[in-house]
Amino acid sequence: MLTVKSVHSYYESIHALKGVSLHVLKGEIVTLVGANGAGKSTLVKTICGFLRPSRGEIFFDNRPIHILPVEKIVELGIAVVPEGRQIFASLPVEVNLEMGAFLYRKDREYVQKMKEEMFERFPILRKRRNQLAGTLSGGEQQMLAIARALMSKPKLVILDEPSMGLAPLVVKEVFTIIQELRAEGKTILLIEQNARAALKIADRGYVLETGKVVLEGTGKALLEHSEVQRAYLGRGTPRIWEA
Amino acid sequence: MDYSRSEVKFGIYLVAVIILPFLFQGIQPISHYIDVMIFAGIFALVTLGLSLLMGYSGQISLAQAAFMGIGAYSTGVLTTLYSWPSMAALIAGMALTGAVAFIVGLPSLKLKGHYLAMATLGFGVIVHIVFNEEVELTGGPSGLVGIDTLKIATWRVDSPLEWYFLVWGLVTAVIVFSHNLAHSRIGRAFLAIHADEKAAGAMGISVSRYKVQVFVLSAVLASLAGSLYAHYVEFISPSSFDLLWSIRFVLMVMVGGMNNLWGALFGTVLLTFLSNEWLHVFAEWEMIIYGAILLTITLFVPEGIVPALSKLVRRRT
Amino acid sequence: MIKRQQEQSTILKLEGVSRNFGGLQALTEVSYRVPEGIIQAVIGPNGAGKTTLFNCISGLIPVTSGRIFFRDTRIDNLPAHRIASLGISRTFQHVALFKNMTVLENVMVGRHVKSHSGFMACGFRLPFMRREERDIRDRAYEFLKFVGLEPEARKPAGSLPLGKQKILEIARALATEPTLLLLDEPAGGLNAAETEELGELIKRIKNLGITVMIVEHDMNLVMEYSDRILVLHFGHVLAEGTPSEVKNDEKVIEVYLGTTEAC
Amino acid sequence: GLCAEEAYKIGAVFSVTGVASFLGEPEKKTAEMVVDQINASGGINGHRVELIVYDDESDATKATLAVKRLIKKDGVSVIIGPTRSGESLAVAPIAEKEQVPLISCAASYKIVTPVEERRWIFKTAPSDSHAVERIYEHMKSKGYKKIAILSVSTGFGASGREELLRYAEQYGLEIVADERYGPKDTDLTAQFTKVRSLEPDAIVNWSIGPTQILAVKTWRDLGMTSIPLYQSHGFGSRKNLELLGDAANGVFFPISAVVVGDLLPDSHPQKQVIMDYWNEYRRRYNEPVSSFGGHAWDAIQLAISALKAVGPDRAKIRDYLENLTGFVGQSGVFNFSPEDHNGLSKKDLVMVVVRDQEWVLAE
Amino acid sequence: MDWLQYLFAGVTIGAIYALVAIGYNIIYNVTEIINFAQGEFVMLGGLFAVFYCETLHLPLWLAFVGAVVTVGFIGFCFDRFIIRQARNVSVLSLIIVTIAFSIILKGGAMLAWGKDPYGLPPFTPGPPIIIGGAALQKQSLWIMGIGALIVAALSLFFHRSYYGKAMCACADNPDAARMMGIPVKKMILLSFVLSAVIGAAGGVIVTPLSLMEYDRGALLGLKGFGAAVLGGLGNFWGALIAGLILGVGESFCAGYLSSGYKDAVALVVLLLVLFVRPQGLFGSTEAAGVKRF
């Protein structure tokens, strides 16, 4: 579904991605782990068109997308929960959600239905529906960013650290949603600092280090890999809310 | 290392400032450039202050021409109507301008972005109207005549060369002062306020105090420039201190490079020469060409000419 | 760095602190005492009012009613910069660095409250100011070294990856030499290994004699490192106690932690 | 033969752009026309005349620099302009200090007084006081007692207002309203409404540019035509009549003879000079002359006649001008003297009134 | 009934200020830029109408349409060929770009039309209507009517329609907007065309009353900016009400206080309002807290 072929990206003179290749098959959950500054968010920005790769190609549904502008890429069916949330701070929560379904703006009923669905999943958002998104608490904003991305029924969802700032119960909810999405046949690229939980639900995973893929394998294999354990899973105290 | 680079820059500047007037005087077709440079220097006093305000602490002011006008009219009125010595009038003007800036700045600087622009703009227009309407004091729109040249103790600043060195001496002093300020805890506080007022407050920086202080500083510098202007031209009228001039000062700062003192200086000299000298040949087309140059600069070197140039130089070396 | 002697007196006292936003009660009558020298965690569901509480303590927003005492000084009516100079420093949930300044300069700004040169001294580079400036720089380096960001000193703060930006915020807050440090979700954006390093860093900070208040959703960090926990729920105090007490509190499990069964 | 001798240089500073551009534009055109004519007819004693025109953009700083440039870089023998009083006052000290004769085209009497401080400065435009006295004379003859004045807040308006206030008593007039407005104001209803409520015998409006047209429209729209409206001498442009149509009927104003050349009797001393200017200007630019162009004509002709008589020496030109009498120009017959560097009197203005989209001499 | 006369004059001029303010608001809502060329659009609207009507002898309504379309096209070019060329440029730089463009437009108008003022025949000829002893120009009715209509339409569009909300999202966070599939560039283009069109319409309807010449734009732009800020940036009803407050205030001040100080009094009031309500009369406090500009 998504194929990234030896992509290089730069921030002016900083070489942030140094030939990253990976692929995500239809209906898979693929997890990307990596230390701080490894280039995970940079990869997301490159896939959805905010950064032009200086070399390499990206295909989505067999179409080259590294030459398309952001809004065209999104139209193909990719939705993103970006790092730093990027909500519309001066607009009410409800309008933020509506904007998530911009591509379906003609279909009033659909928008209404999806909004209801999101309010069901994140009840706190219903309570705050008329509040300006910029005044939400950090976790509420994160929920809004996730809900907004799901409004457009995308084929591929890219989540950049979705659990950041969320309370344990809500993190659990988010992981449930991710698994439900897969059950619906959607494809997911998940970036998580909470690597253990992320790898556990993943079909496959990649490890990114200073702009390069250094390891790849099934979720389970990576979980058991000693380097991964040492570098990303910590001392191995299991999280209380993890099964 | 960083410091030595700025010392080199300063050295080049100093040599240029000292040599230029003699160069100009020697070459007949540009002998009057010294007069243009005097104006550029006077304006540079305004824009250096504005650069501290805009580039460092991130506040915009469209009232600088008004502050310059308060200085100029203090000098004009006090020396002609009340026969004050020029230095006393100059200092009184600076004090008055500082006080006015303080009173206006306190509530205004709580505003953000366009609202701050509107507030300072509004204040500038009000001052301009007062200059126009208080005919008894200011001479109204016809202006104030009969201002004598500047006298410092027994020195009567008379010849262009004397004016040049007086003005550019002051500019140099202001550059040194501002440069030092910018590279100190206070300069960092300005930058912090610019970047994030909340975080700056949490670091113990009194945001409103510093904003007002730098506003007052820039106003006082503008006032000084105004007094010099009045003495140099020996005539002032409200139209020299209207909104258009405030906008021009902002343009000078932006074109040269906002967060860079050299940028403000360069932008001032460049735009002064462009609009007073070099564009004359285009006659009717002058306005369009001026606009097009501004447009090109802001589009292609939005960070300003000086930062763009120094980036280029750094990449080469 | 200075080591303060440990004592079990109260460093921060909240008395019936409330804060409304329009019709919304973000904090309702919160009363609490924070003993000096401990790591005090504040947890609670999203929107419980934790950040709001920190904002009230640090003076970023005023309280609607109630009183806050820092040692014996009433601080709920003081502006943020006054509170900072009294010795309360903080980090932000959304990183609030001075993005275009370098990492080192960010920390140097933190030294603001500990330096005094005025406009004139700075403008004329008086000898006093030069000495102070050198001192600011040296001390800032020390703090960078303390958190391990020394190699990045010359980079613009905005170009650091998120995790390092969070650490930098801690360094900047430490540079004000606070006696009370408020950390708002410092582990957000850090992976498990990095979070453990952060835990150690917080411990070292505590060992300097600084009281640390920390808002965090990473329960490993909270349970392992904090001495006491305050649980907020819809602006009310839901529970308080030691980690083991809170961990087993029914109400806390229900609204916040969730049960440990599989999902 | 023209190239043989060195050219005589005349400098000019006009407000070709900016708020006063409608004054500076005809001035520049006129000056260029006159110089071309002179050069076509062989120049001055074999010397070509070189005219160097700078635009001050209605801005004092620019005017200052332009004059300095003319003196230092271009080395001109004499300067004509600037267009407006403000700029003229700003550059007068420079010409004085550098000892270069300057013939301003602006109105304010301050430009040439006090004469001791203005030894090198002359001006060709009639002073506002001349126009004011002419209007007041007319009012007095009609027996008006109470008048209202309106003025624009520019140098022109302020200076006119000052004179209106100064001379009122002398002509037995009481000023019941003294209203002002900005040069770019889009609406004068409030000012005229206030004036209407005070029931004056006559109204004087002192402005130039679009506001003088607005004033007439407002006066008519508010039904105030029973109160006679006087305008300043700045009203004398055909464009105003075109824009206003019948609305302007009944408006009085004093004007230089130049604008009403065709109405003058053949015996009028200026008739010939004016008609020559008219014909040439219309041929060249296909538009009617204005009084402002006339000021520039006078200034440039004065400069040329001085160059003709005494050559390019600055001091000699000054002395020549100061003692020149009986010079027939567009604005009147100039009689300069060491005490009077304007050389005109109120008699040089004629009073006209608008009838059927034309102006005619008022009795 | 002088006060009635002042009121008529004030409402008329206030409606013009409001039309200019609305132009600012449209572009501000989509980009956070204050477009200082807005006053120039008004000036061009008037002058192009003069061109079509007087020079080409088209009927007045056709001249109106022609002027509006022409200026709309200028707005289109401004965005397409200038604003869009600016990459990674701060809002402040873009504002400078609009100032530069306004200088060019003004210079161009000067070359094309010269410096004389021009007039247009009123839309409905005939003497003013006399109400209670005060004269009301028929043209004033046109101005008020068109002003109110435009405000109502825009207010509905931006606050009710999906498309309008999406336009606001562009200003708030253009990157996120693109991430939602919103064609940000098209939205910005639309905003420039729309505000040029509205500015031009304002210019055409005011020319019969107060004439138009090449450098009239700046002052109208300034007053319009005042109205936009006073009403709260981005708020259309706010702009209308603030425009009327400024217009009526000026008129009464000129009538009862001092005609010379009328602008100053209006500005002092504006400043005092801002000091008490930093987000303008009708701007929301909350939104001001989260907005950058």
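Letters A, B, C, D and E mark the chains in the order given here, with residues in each chain numbered from 1 onward.
Just so it is clear, a contact is a pair of C-beta atoms (placed from the backbone, for glycine too) under 8 Å apart; a residue touches a chain by one contact, two chains touch by 3 or more.
For each chain, UniProt lists the protein as follows: A = Amino acid/amide ABC transporter ATP-binding protein 2, HAAT family; B = Amino acid/amide ABC transporter membrane protein 2, HAAT family; C = Amino acid/amide ABC transporter ATP-binding protein 1, HAAT family; E = Amino acid/amide ABC transporter membrane protein 1, HAAT family.
The structure presented is a predicted model; accordingly, all values stated were derived computationally and were not measured.
**Student:** Among all the other chains, which ones are in touch with both subunit A and subunit B?
**Tutor:** Per touch definition, common to subunit A and subunit B: C, E.
**Student:** Based on mean C-alpha positions, I'd like to know which chain lies farthest from subunit B.
**Tutor:** Relative to subunit B, the chain with the farthest C-alpha centre is A.
**Student:** Per the definition at the top, count C-beta pairs in contact and tell me whether B-C or A-E has more.
**Tutor:** Between B-C and A-E, the larger count of C-beta pairs in contact belongs to B-C.
**Student:** So how far apart, in whole Å, are subunit A and subunit E when each is placed at the average of its C-alpha atoms?
**Tutor:** 43
**Student:** In whole angstrom, what separates the CA-based centres of subunit D and subunit E?
**Tutor:** Spacing between the chain centres: roughly 36 Å.
**Student:** Measuring from the mean C-alpha position of subunit B to the mean C-alpha position of subunit E, what distance in angstrom results?
**Tutor:** That pair's centroid distance is 31 Å.
**Student:** Would you please write down the residue numbers of subunit D that are in contact with two or more other chains?
**Tutor:** Where subunit D meets two or more other chains at a single residue, that happens at 17, 153, 180.
**Student:** Where in subunit B do residues touch at least two different other chains?
**Tutor:** 132-133, 284, 286-287
**Student:** What are the residue numbers in subunit A that touch two or more other chains?
**Tutor:** Touching at least two other chains: 135.
**Student:** Among the chains present, which pairs are found to touch?
**Tutor:** Touch list across chains, by label: A-C, A-E, B-C, B-D, B-E, D-E.
**Student:** Report the residues of subunit D in contact with subunit B in the complex, numbered from low to high.
**Tutor:** 16-17, 54-55, 58-62, 64-65, 68-69, 71-73, 85-86, 89-90, 92-93, 108, 110, 117, 153-159, 162, 180
**Student:** Any idea which subunit E residues touch subunit B in the complex?
**Tutor:** 28, 34, 82, 85-86, 88-90, 92-93, 96-97, 99-104, 106-108, 110-111, 218, 222, 225-226, 229, 233, 258, 260-261, 263-264, 267-268, 270-271, 274-275, 278-280, 288, 291-293
**Student:** Which stretch or stretches of subunit E touch subunit D in the complex?
**Tutor:** Spelled out, the residues of subunit E in touch with subunit D are 2, 5-6, 8-10, 12-13, 16, 110, 114-119, 127-128, 134-135, 137, 206, 209-211, 213, 215-216, 218-220, 250-252, 254-255, 259-260, 262-263.
**Student:** Spell out the part of subunit B that touches subunit E in their complex, as residue ranges.
**Tutor:** Where subunit B meets subunit E, its residues are 60, 107-108, 110-115, 117-119, 121-123, 125-126, 129-130, 132-133, 243-244, 247, 250-251, 254, 258, 284-288, 290-292, 294-295, 298-299, 302.
**Student:** Mind pulling up the subunit B residues that touch subunit C in the complex?
**Tutor:** 177-178, 180-181, 184-189, 191-192, 194-196, 198-207, 213, 217
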